[in-house]
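Supplied in C-alpha cells, the structure appears directly below.
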Amino acid sequence: MEKRTRNPRKAAQRRSGAAKALRARSGPRTTAPARASVRKDSAARESRVVPGGAAATDDTVITALDLDAAPLGPAMAAYFDKCREKLGFVPNVLKAYAFDMAKLEAFVAMYNDLMLAPSGLSKLEREIIAVAVSSRNRCYYCLVAHGAAVRQLSGDPVLGELMVMNYRAAKLTRRHRAMLDFAEKLTAEPWQVEEADRETLRKAGFSDRDIWDIAAVAAFFNMSNRIASATDMRPNRLYHAQARTSAEEPL
Amino acid sequence: MEKRTRNPRKAAQRRSGAAKALRARSGPRTTAPARASVRKDSAARESRVVPGGAAATDDTVITALDLDAAPLGPAMAAYFDKCREKLGFVPNVLKAYAFDMAKLEAFVAMYNDLMLAPSGLSKLEREIIAVAVSSRNRCYYCLVAHGAAVRQLSGDPVLGELMVMNYRAAKLTRRHRAMLDFAEKLTAEPWQVEEADRETLRKAGFSDRDIWDIAAVAAFFNMSNRIASATDMRPNRLYHAQARTSAEEPL
Amino acid sequence: MEKRTRNPRKAAQRRSGAAKALRARSGPRTTAPARASVRKDSAARESRVVPGGAAATDDTVITALDLDAAPLGPAMAAYFDKCREKLGFVPNVLKAYAFDMAKLEAFVAMYNDLMLAPSGLSKLEREIIAVAVSSRNRCYYCLVAHGAAVRQLSGDPVLGELMVMNYRAAKLTRRHRAMLDFAEKLTAEPWQVEEADRETLRKAGFSDRDIWDIAAVAAFFNMSNRIASATDMRPNRLYHAQARTSAEEPL
Amino acid sequence: MEKRTRNPRKAAQRRSGAAKALRARSGPRTTAPARASVRKDSAARESRVVPGGAAATDDTVITALDLDAAPLGPAMAAYFDKCREKLGFVPNVLKAYAFDMAKLEAFVAMYNDLMLAPSGLSKLEREIIAVAVSSRNRCYYCLVAHGAAVRQLSGDPVLGELMVMNYRAAKLTRRHRAMLDFAEKLTAEPWQVEEADRETLRKAGFSDRDIWDIAAVAAFFNMSNRIASATDMRPNRLYHAQARTSAEEPL
Amino acid sequence: MEKRTRNPRKAAQRRSGAAKALRARSGPRTTAPARASVRKDSAARESRVVPGGAAATDDTVITALDLDAAPLGPAMAAYFDKCREKLGFVPNVLKAYAFDMAKLEAFVAMYNDLMLAPSGLSKLEREIIAVAVSSRNRCYYCLVAHGAAVRQLSGDPVLGELMVMNYRAAKLTRRHRAMLDFAEKLTAEPWQVEEADRETLRKAGFSDRDIWDIAAVAAFFNMSNRIASATDMRPNRLYHAQARTSAEEPL
Amino acid sequence: MEKRTRNPRKAAQRRSGAAKALRARSGPRTTAPARASVRKDSAARESRVVPGGAAATDDTVITALDLDAAPLGPAMAAYFDKCREKLGFVPNVLKAYAFDMAKLEAFVAMYNDLMLAPSGLSKLEREIIAVAVSSRNRCYYCLVAHGAAVRQLSGDPVLGELMVMNYRAAKLTRRHRAMLDFAEKLTAEPWQVEEADRETLRKAGFSDRDIWDIAAVAAFFNMSNRIASATDMRPNRLYHAQARTSAEEPL
C-alpha cells in the first residue's frame, strides 16, 4: 500500500510539482531567442490556478528509495491507528521506516521517549529545539512537520516561523536563548562544545538532566534531518496549513 | 506617527513576545534545584492561550534603531496610500526607510524597477529568487514578506515553504534550478562566479538580459537582507497568514 | 557505582591527566620571566615516566554530567553481563545512558539493529562509516571506540588510523570510496544531498536498501557524536591498545 | 558606442591580457616532456616588455554580458559629462548599467545619496567600509575603484592597500575598528547580527542614524560586489595608478 | 634505490591496500542485483586475515610523484645513517625530498632547528603543536609520524590519540591550552590573529621568544602538511605500532 | 639597531598610523550626542594632508614581538649588503628573523632555493603563486612584498593587483589557471587534494617535478603567511609605490 515503485511515470509525476506551478506562470519557454527581447509580464499569467503544485505527490511518494513496506506488526499497527485517530493521518516518516519492523520500532521508541516522556523541558521546548536544529540543517521534512508542532503547541503561528527562519530574530528569554544557542553550536561545531557551554546552561537554570535532554533532542534531529535528506523524505501535505492563525488574531 | 522611541517600557514590551509564549508553557522556573527532579509536562500548561506571542509588537516597533519618521513628500504619501489600498497596509520596510525621503525614494525606485518592471523573468520568478537568497542569509523580514508573495503569486502555499526552507527540495524545471543555483552561488561565494556559470544560464534558455535581471534581483536582496538584519527589521504581522491554502486544497 | 559526583576533588583529578603528563615534561613554570631566556631541553625531563597520563580517570568519570545511575532492569543487566563476557568491559556509552532505563534500552535497540543486524553492508563497512563520520565531527569517544572496532574487524591496524585521520588517504575500492563520500557529504552538508548522490551509490553497486543503511549509520553517528561531545563522554582506556598489530607485521 | 559584442575575435582579445603577460615570461611550452628536465630561468625572459598586459581591454569590454547601450536620457548625459569633467572618465559601472535608463538612474540616485549626501560618517569612512566589504567578497571591480578613492581621500596610499588586503592589519581607532568589524560581520554572517553588535557601535560613539549609514553602505556594496562578479565587470584602467604616492613620501 | 616508477603494475599494487582489506571482508560483489536482498554477515568473513592491508606499499612507494632520487651528498648520507641508527629507519619525508640535495638540506636544517634546538618550549610541546596543526589539516603523513613522537616523548599513548582526534578533549593546563588554541587559530584563520591573541599567550606565561617558537612550529607544519597532501606522501609503517602502551598500563 | 622595545611611547606611535589619517578626516569626535545630528562633510576636512599615515612606523617597528637582533654572522652580513645593493633596502622579513642566526640562515636557504633556483616554473610564476596563496590567507606583509615582485617581474601593474584581489578575475592561460587553482585548493583544503588534482596539472603540461615546485611554493607561503600574521610583521614602505606604471601606459 505504501509501496513506492520507481517506474518512469511516477518519477515524472513526482518531479512535476513546483515545475508545473512555475512554468504555468512564466509562460512558454520554447523559443529562447539569441537575444531575448524583454517580455511583458501579463497579469493573467500570474493569476492562473495550478492544480497540484510544488508537492502534489508528497503523500503518495514518500522517499526517493524504492523499498517495499513490510507487514505492520501488531504494536505498530495499533500505533498507526492511534496516529490516524489523534492526528488524522500517519506521519510520512513512520511510513518511510515501515519497510522493516525492527527499524520502525526502534525509531518510535526513541522518538517517543525523547519528545513525549517526562522531562525538565516542556514538549514545546523540545519542539523548538527540533526546529532550530532542522533550520541549521535545512531539512525540509522536519521543518514542515515540527514547525507545525511549534505552531500548535504554542498557539503562536509566528513563533513557528521564527524557529524555521532564524531563532535569533525571536524575542526569547535567557533560558530559551541559552538552550537554542547550545543546540545550534552542537549542530554546527560539536567538536567545540566544552565545559563552558554546559556552565552557561547551568547558569540559565538548567539541571544536568536538562542538559542531557537538550543534547539528546538536538542530537536526535541531527540524525533525523540526515535520514530525511538522504532519502528525500516528503512531509504530509496537511502540515502546511495547520495552526496558521492564533486565537486572538483578527484575521 | 511611525516614530520609534527607545524608552524602557517599549523595549521590555518588544522583547516579551516569544519569551511570554514559551514561558507560559514551560511553567515557573523560579526554583532551579541543585539536582533537577524530572517534572511532569502538564497537558494544561501546553494548551494555555498566549495573548500576543512571539511578534506581538512587530507592527508598532519596526526596527531597533531610534529614528524619527520624516514628513512624507507628496510622491511617497501617494505611494503609501496606494499600498494601503492594494495590500491593506504599508510594508514595514517602507516605514523603516521613512526617516529620510531621499533614501526612501531611492529604495522604492530601485525596488519597483527590479521587481515589477517588464523583464524576461516573471514576477513570481523574481520573488522565488528573493526568497532563496533570503533563506541563505536567514533574513527574517524578507523571508516573511517575500515568502507570502511567492504563496500569493503562485497560488501554491507549499512552494513558498520550499523556497524558505531549502529550494533544493523543490521539484523544479531545469530553468528554475539553474536560476536559483546561480543566485545561491552569487550569494554565498560571489568571487567564484565565472563565465561557466553564465554559460549554464544561457544553456538553460536565459538571455544575457535575463542574466542581468537574475543577478540584479539576487544582489538587491543581498543588500536588503543586510539592512533588515542590521536594524532588526520586523515584518508586518499580516503576512504570516496570507495565502496559506491553495484553491484546490481540501482543508 | 557508576555515579559521578561533582565535588571539587574529583573535578581536579579529572582535569589532571594530560596536564600532568605535559607539565612533568616541560619542567617547572613558576617563574615566567619578563624576557624568557631560552632554556635547555634536558633529555632527562623528556624521559620521566608519568603514572596516569592524559586520560587517567576515563574509566571512573564517564561524562561531565552529574547523573545517578538507575538500577539496571533485567534485560539491561543481562546485556551488560554479555558485554563483560565478550569484550571484557562495559562500553562507557552504555554507562552514560544508564541513568534512565527507557533511554538506555532505546539506544541499545537502535544501535544493535543498525550495526549488527543483517544488511547488504558488512559489519566492517558499517564501522568504517562510523569512524569517517566521527572524524568529520572530531568526536573523541567514537573515534577511540570505533577506531578499535575497525582495527579488530579488519585485522589491519593501519586502516583504523586512516579512517580516523583522513579516509581520502586510504586506497579504497570505488564501492567504499562512494560509500564514504556519501557519508561525509551527508554529515557536512545534508541539505546538498540529492538524487545525483543516490545515483552515484547505485552505480557503485549499492541497492536502495543499502543506501538506507549507509544513510542510517551515518545519521546515527551524527547523533552519537553529538551526545558524546555535549557530555564530554570518555572512552574506556582499554580501546587504545586494542588490535594495534596485524598478524603478519614483524613488530 | 559602449556596445559590447560577443564575436569570437573580441572574446579572444579579452582573454589575452594576463595570459600574454605570463606566457611571454614563461617561454614556449610546446613540448611538455614525459619527464620534465629542469629548465633554466633566463634573465632575458623575465625582462621582456609586454604591450597590453593583464587587463588590456578593460576599458573597451566592460562586462561579460552582451547588452546594447541605450540612448542616454538628458539627466544621465549631463551626469556622464560631469564625470568626464571631474574624474577624466566615466566609471565603467555606469556604462554597464547604461543599457536601461531606469536602472541607471535608480543606481545613481542610491549611490550618490549613500556615498555623498550629508552623514555622520565622512566620505572617507564610507569609502573604507566599501573597500573592506569588497575585500571580504573579493570583488575586483570595487576593490580597484574604491581602493583608489581611499587613497585619494586619505592622501595615504598605504591605507588603501590595507583596506584591500586585511583591515585588521591597519592601526585603527576604536571608532573605525568597530565600524569595520560591524560591516565585516554584516557581510559574512548577517543572520548573526544582533543588539549587542549595535550596542558596540553606540559605545564607540555612533548614533542610531550613523548605524543606519554604516549598515546601508555595507549592504549597498554587498549588492554592487555581486552585480560586478555576476557580470565580470572590469574597472577603468586609470584607477590603478591613481594616488599611489603620498605628499610627504620621499619617492 | 628510492626511485619511484609510475608503471601500471606498481600503481595497481599501491591502490590495493585498503581495497583488498575491505573487499575481503564484504565478500564478492560481482552481482549487484536490481533490488539487493539482505545478505547475512558471516562471522567467518569478518575474521579472515589480510596479508598486507591498507598501506601495504607505504614503505616502497613514498609519494605520487615520479622523481628520481639524487645521489646523497656526504652530509645527508651521514644524516640518513644517523636516522637508521637512532630510529631504525629513514623517515619517508626525507626520502621524498631526496630528489634534490639543496631542497633536502634546507628542509633538514629548518626542521632540526625548529624541533630540536634549545627553546622555551620542550620537545614534547613542539610535537603536540605539530600534531594539533596536522589534525586541523587532516594530514595523514604528519599525524602518523608525529602522533608516534607524542606517544614516545610523553610515555602516554592516550595523549597522542587526543592530539590526533581533538585536542579540546584533552585535560590540559592553561599553558598548553593557550598554546594549542593559538596554533589552531593561526592554522585556520591566520588573518584573524591579533595582539589580543599574543597577549593571551603572554598571560599564560610565554615570553615573546616562546611566541615566535609556537608560531614557527605551527607555521612549519602548515607547510609540511601541504607538501605531504600535495604529493600523497606515505608514512613509514613502523610508526603505527610505536609506543602504544604506557609503562603502568596493565595490558 | 633593529631592536624593538615595548615601551608605551612606541606602542602608541605604532598604533597611530591609520588612526591619525582617518581621525584627521572625520573631525573631532569628542561629543557623541545622544541623538547624532547629521553633520556636514566639509571638503576641507577631506583634503588635509596627513604626515605619516597608516603605516608610518612600518620600517622602524617590524613585528609585535620584542626580540633583540643578534649580531649578523659573516654570510648573513654579506647577504644583507647584497639586498641593500640590489633592492635598496633589507626586506623586513629578514630583519624579523635576525634575532637568531640559525633561523635566519635556514629561512634564507629555503627561500632562495624555492624562489630563485632553476625550475620548470619561471620566477614570475612562482611569485604569482606566492601572491594568490597570500591573498587566500589575507597576509598583509606577503601581499605587499610579493605583489610588488609580480608587478616588477611582469612589467604589468594590473597583474599584481589581480593576484592580490582575486586571481579568478584575471584572464589566464589554462596552464596558469590550473597552477593557481591547485595552489588555492592546497591552501584552503589540503585534505581534499588527490590524484585527480595532480592529473589536472599534468594535463596542463606540468611535469611531476613542476608539481613538486608548485606545491612547495604554495606550501612555503602557507608557512610565511602564518609567521607574518602571528607576529604582525610590517612590510617595508618602499614596496607600495614600486612598479605601479607599465612602460606603455600613457599616465
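Read from first to last, the chains carry the letters A, B, C, D, E and F; within each, the first residue is number 1.
Going forward, a residue touches a chain if its C-beta (ideal position, glycine included) is under 8 Å from a C-beta of that chain, and two chains touch if they have at least 3 such contacts.
This one's a predicted model, so the numbers in the text were calculated from it and none came from an experiment.
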For the copies chain D and chain F, the interface residues, called same if over half of the numbers are used by both and different if under half, are same
Note, CA centroid farthest from chain C's centroid sits on chain D
Relative to chain B, largest Cα-centroid distance belongs to chain E
Chain-centre distance (mean CA atoms) for chain E and chain F, in whole Å, is 30
Chain B and chain E have mean C-alpha positions lying a whole-number Å distance apart equal to 49
Whole-Å distance, C-alpha centre of chain A to that of chain E, is 42
Note: chain E sits from chain C at a C-alpha centroid distance in Å of 20
Each of the following residues of chain F touches two or more other chains, namely 35, 66, 138-139, 166, 191, 194, 208-209, 232
In contact, pair by pair, are chains A-B, A-C, A-D, A-E, B-C, B-D, B-F, C-E, C-F, D-E, D-F, E-F
The answer for chain F against chain E in the complex is residues 64-67, 99, 102-103, 105-107, 109-110, 113, 117, 137-139, 182, 186-187, 190-191, 193-195, 198, 208-209, 211-212, 214-216, 218-220, 222-227, 229-232
Within their complex, chain E touches chain D through residues 66, 191-192, 194
Chain D partner, complex, touching residues on chain A are 35, 166, 168
Residue positions on chain F within touch of chain D in the complex are 14-19, 21-23, 25-27, 29, 32-33, 35-36, 38-41, 45-55, 58, 118-125, 128, 135, 138-140, 143-144, 153-159, 161-162, 164-166, 169-173, 175-176, 205-210, 232, 237-238, 240-241, 244-249, 251
